[in-house]
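Paired with chain B in one complex and with chain C in the other, chain A is shared by the two complexes that follow.
Coming up: the complex of A and B.
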C-alpha cells in the first residue's frame, strides 16, 4: 500500500492534504464555538481604559501578574469566578501571563478601588507590608497616550468589528454602549471626561490639577483599566 | 580478545568506581537506607546495561552485512528493502489505530474528563463540609474565624490591626471617625442601599459648630449630657438613627458601635465616603460574613 503511495506523488499529496486538513479543523473549529464569542457582560475597552492597558503592558505588569483564574476552589475563593475564554474577546493580545509573582488581576476591579490603587502604586509596601512590588511614582507625572489608544480603537473597530458605539449586552439584561470618538479631539474629550470621574476619587492634588487642566496622567488611565477588570 | 570488549570492561570498572566514590564511599554512605541501596543498585545496573548495549551495536556496525532484496523503485539511487513489516509491530500499529478511532468516537465523548466538572464537585464537597463543620460555631470560635477571613480579605486595605493604615481606609477599632461624620452630614449618604433603601439627605445641619458637636458626640460614644445631644436632636438624626444612635431597621444604620447586621449591610453594598471607596464583598458566604461581623464588633468592645 505504502509503496503504491510512494510511487504516486499526486495521491500522496492528497493523503497529506486530508490529514493536515483534519488536524486543522480540530484546531480551528472550536474558535467559532459559542464559548469563544464575547461573554455577555464583556464590553470593549473605552479609550481611557485602552490607554491604561498600554501603560500596563509598557510597565510589564504582566511579567508578575497573571490575568487567568483557573477553576480551582482555592483560586475562585481568592479571585472570583474562573476565567472564560469569551472574556478575552476584546484583549489584543490577552495578558494571561505565565507567572504569579504578584496576585492575579483578572477581576481586580471587583475587590479593589481607585483610592487603594492610588496608595498602592505610590508605595506598595505602605499598604501591603512586606510587598516586593516596586513603586510606580512616574505614572503620577507621565501623561497617558490617548492618541495611540484611539488609533488602536479605530483599527480594531474597523478590522475586527469590535462593537464601539453599538449596544453590548450586559449580565442584567440591559445593554451598554462604549463610545469611541470620531476624531482625535473627540476621543481626547471622551477620555478626559472618564478621567475626571477617576480623579474625583483620588487624593493626589497634582493628579487632580493635571486632569482639571485637560492632561491625563498615566496613573488615571491605569486605574481606569484596573477598575474595568471584572 | 577484541579491543572493544577491553574498552568496555575498563569503562565499566571506571564508572563503577566513580559511582562507589560518589555515593557509597561518601560521608554518610549507604547508611542501610533502603532508598540509597535501591539507588546504588540502579546506578550499577545502568552502568552495566549501557556498556553492554553500546558494545552490541558498535560490534554490529563493525561486522554486520547487508541482507534482503531491494524494492523495484528507487529515488536517485536510494533504495528500500522489501523486508516484511515485523508482525508484532504491525499488530500494535493496527490496534493503536482501532483504539484511536474508538477513543475519538466513543471513549472520549462518552466518558470525557471535565475540569469544570471536577471543580464543581470540589466546590459542592467543600461547601457541604464547611457548612457541617461550622454550622453552629459561636462566640470566640466565630470571632476567630472572622479574624482569619479579615486577614485574608480585609487587611489589604484596613491593615493587620484594622486601624485603616494611617487613614488610607476606615479605622475599624471605632464605629466611625469624625471626618466621616462631617462628610456624611455635608454630602448625605447613599450607602448600604439594600438594607437602608432611603439613603440620607445632605445638609441636615449647616452650622459648623453644631456639626462639630454632633461629630464629637457620635465619635465619643453618645455620652450623657454631651454638648452634641441637642444638635443631634435638632438635625433630625434621632429620627432615623435613634436617640442613642442604636439605628432602626430599614431606616438608618446603627451608629453607637458595630454589630453583625451593620457589617453585613456594608459588605453587601460596599461603601463610599470621606476616606474612599470600599468594594462590596459578594464572594464571602453568609457564615464568613457573620464571622467578620463578630470579629469587627469584638475590636471596638
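Coming up: the complex of A and C.
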C-alpha cells in the first residue's frame, strides 16, 4: 500500500489529510456541541472594559501574564478561586497566556485598585521593588479606541447572542444589565461616564483633564478592564 | 537529451535563501534584545523614552516568535523545497513557465506579507493568539501565499519524471496540508466591519479589527491544537524532510531503514495532532482532553525517535565524517537535539511535571533547545549544502564554519541549562509553603531570583546570534568572493578540495 501511495501523490495527500484531521475531529468538535456557557455572576464586558481589553491585547500583556488559576493550593492561596470554564464565556479571544513572567491576573480586580495600577503602570519598580516589568507611560497619552470596542459589541451581540441590554444573573440572586449604546455617540457617552468614575480615583492631572474634555486615555480603559477581572 | 543531466533552476531557491538569512538575523536579534530586557529592564528604553512603545518587551515579543517561525524557518522550508523538490522529482523549474512564475509570485507575495506583519505587530495590531497574531486582512494574504506555494508544489509533482516520491516529498506535502488546515481553523474570526453592517452601519472603529469565532475554553482548545501543531508542521515535519535529503547527500550514505521512515512518517502524522492538549493541563478544558494530550505526547516519542535514530544510523560506519566535516556535525548534533527535545517535551507533558513546569522558563528552554539546536542547525546545514551547488562556488571558509558550530553549540547549551534552572527554581518557589501553611514567597521573590539565569540566557542567545552572523558572512563570501565554476561540481561538497 505504501509503495502505491508513493507513486500516487493525490492519494498520499488524501491519506495524510485523513490521518491528521482525525485528532481534531475527536478532541475538539464535541466541545463545540457543548458551547461554553457563562457561570452565574459572569457578565459581558462594558464598552470601556472592552476597549481596555484591546489595550491589554495591543501591548501583549498576555505575553507575560496568565489569566488562568490552576486548582492547586499554592495558586488559590495566591490568586483566589481556581478558574471555571464558564467564567471565560465572553472572552474572545481567550487570554490565558502561556508564560508567567509576571503574576496571574485572572482575579486582579479583587486585590488591586485604580490607584495601584496608575502608579504601577507609570513606574513598576517604584511600586514593586525588583520588578522587571517595563513602564507603559504612553498609555497615559494615547487615546483608547472606543469605536472599535463598540463595533465589537455590536458584532458579538449579533453573532454570538452576547446579552447586552439584558438582565444577567449575579451571585447574590440579583440581576445586572450591561448597557450597550445604540449609536456611536451613545456608546462614547456610556464609556465616558464609566471613565469619569475611574479618573476620579486617579492622580495624573493630564488624564483627569483629558477625561473631563471627553477624551479617554488608554490607561483609563485598561484600568477599567483590570478592575473588572474578578 | 535523455542522458544529459538536468539543469535545475535555482532562481526561487536563491531568493528564499536570502530571506532565510535576513529574517533569521532579524528574529534572533530581537530575541537577544528581549532576553537582555528581562535581565536588565532599562533596555526597554533602548531607543529612548519616545520610542518606548515600540521597543518594550511585550510589543517586541510576538515579533521575535513570528520572525523566527514565519520568517527564518518558513523561508528555510521554501528555499529547500525549491531546491530539493526539483532534484528528487527530476524535473527543472525552467521547464514550466507557469511554475517559474508561481515560484516568483510566491516569493514576492511572501515578502509583502512579511512587511505588513512587521508593521502591524509593531503598531500593536494583533489578535493575541500566539503564532496567529495577524488580523484578518493579513490572514487572507497568508492563505493566498500558501495556495500559490501549494499549486507550485503539486504542479512540480505533476510533471515529475521520477514516479516514486522520495521520503522528503511526503514530508513537504504534509507540511503544506497540515499548516493549511491548522491556520484556517484557528484564525476563524468575524471582522467587526461585517458585524456592524448587519445592523445597517458601516465604518465604525478600526476596519482591520475582528473577533474570534470561538470563546474562552473553546478558543484555548483550538489555539493550542494549532499552536502545538504549528510546531509539528513548521519545526518538525519540514525539518525532517530536509534531513532525509541533505544528510544522505552530504555523507554519501543511504538512509538506514526504509521501514523505519515509513513508521516514523505515518506515526508522526497520526500522533502529533492529539498532543495539543498538553498545553492546557489543569486548565478548564475537559479532563479527558488533557489526559489524551499527556498520553499522546509520550507516545510521540516513538515516531520522533524513529526519524532521529534513522538519521543517526545512516552514519553507521562513517562516524569519522562527523569529526572531519562541520556540515555533518551540524546535522548529527541537530538530530541529537531533536531526540533530546522530543524526550523533554513528553516529560513536561506528564501532569505532575507540568504542574511545576507550566508557565515557567523551562518551557522557553524546551522550545529553544528544539529550535536553536534542531531547526536552526538543520536549516543552516541545508543552506551550506545548497550554496556550492546553487552559486557554483565552493564554501568560502571551512574553518569559519567549524568555529561557528562550536560557538553556537555553547550558546544553545548555555541557553537551555539556564532556563532549566530558572524554570524549576521558579516552579518550586511558587508552590512552596512555610511551616504555618502560608505561601513561602511573594511573587516578586520568584522573579528577582532569576536574574543571573536571565543574564546567562542572554549570553547564550548572543553567542548563537554571533554564530548566525558568521554563517551569513560565510554564505555572502561564497556568493560573491570566489570565481564562478563552469557548471555544478560533479560531486560538489562544501568540504571538497
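General remarks:
Assume the second predicted complex is superposed on the first by the 194 of 230 C-alpha atoms of A that agree within 3 Å, B and C clash if a C-alpha of one lies under 4 Å from a C-alpha of the other, contacts with A are read in each partner's own complex, and residues count from 1 in each chain.
Heads up, the rule we're going with is that a residue touches a chain if its C-beta (ideal position, glycine included) is under 8 Å from a C-beta of that chain, and two chains touch if they have at least 3 such contacts.
Bear in mind that the values here come from a model prediction, so they are computed numbers and not experimental data.
A count of residues in chain A touched by chain B and by chain C gives the higher number to C.
With both structures placed on the common chain, the touch criterion links A:151 to chain C but leaves chain B unconnected.
In the superposition on chain A, contact of A:99 is made with chain C only, not with chain B.
By the touch criterion stated above, A:72 is placed in contact with chain B and with chain C alike.
Contact with chain B, but none with chain C, is seen for A:111 once the two complexes are overlaid on the shared chain. Applying the stated contact rule after C-alpha superposition, one finds that A:88 touches chain C and leaves chain B untouched.
Shared-chain residue A:201: touches chain B; no touch with chain C. Of the two partner chains placed by superposition, only chain B is touched by A:126; chain C is not.
In the superposed model, A:80 makes contact with chain B only, not with chain C.
Note: residues 3, 6-7, 71-73, 77-78, 128-129 of chain A belong to the chain B contact set and to the chain C contact set alike, using the contact criterion stated above.
Per the touch definition, chain A reaches chain B in the complex via residues 3, 6-7, 71-73, 76-78, 80, 82, 110-116, 119, 126-129, 201. Against chain A, the residues of chain C that register as touching in their complex are 37-38, 41, 44-45, 49, 52-53, 56-59, 61-62, 124-130, 154, 157-158, 163-165, 169-170, 173-174, 177-178, 181, 185, 190, 192-196, 198-199, 201, 204-206, 209, 211-212, 214-223, 225, 262, 266, 269-270, 272-274, 276-277, 279, 282-286, 289, 292, 296, 355, 358-361, 363-364, 430-433, 438-439, 443-444, 447-448. Residues 2-3, 6-7, 9, 12-13, 16-17, 19-24, 27-28, 31-32, 35-36, 57-64, 66, 68, 70-75, 77-78, 83-85, 87-103, 125, 128-138, 142, 145, 147-152, 154-156, 158-160, 184 of chain A are the ones that touch chain C when the two sit in their complex. Considering their complex, residues 71, 73, 115-116, 118-119, 122-123, 126, 152-153, 156-157, 160, 165, 168-169, 275-279, 281, 283 of chain B touch chain A.
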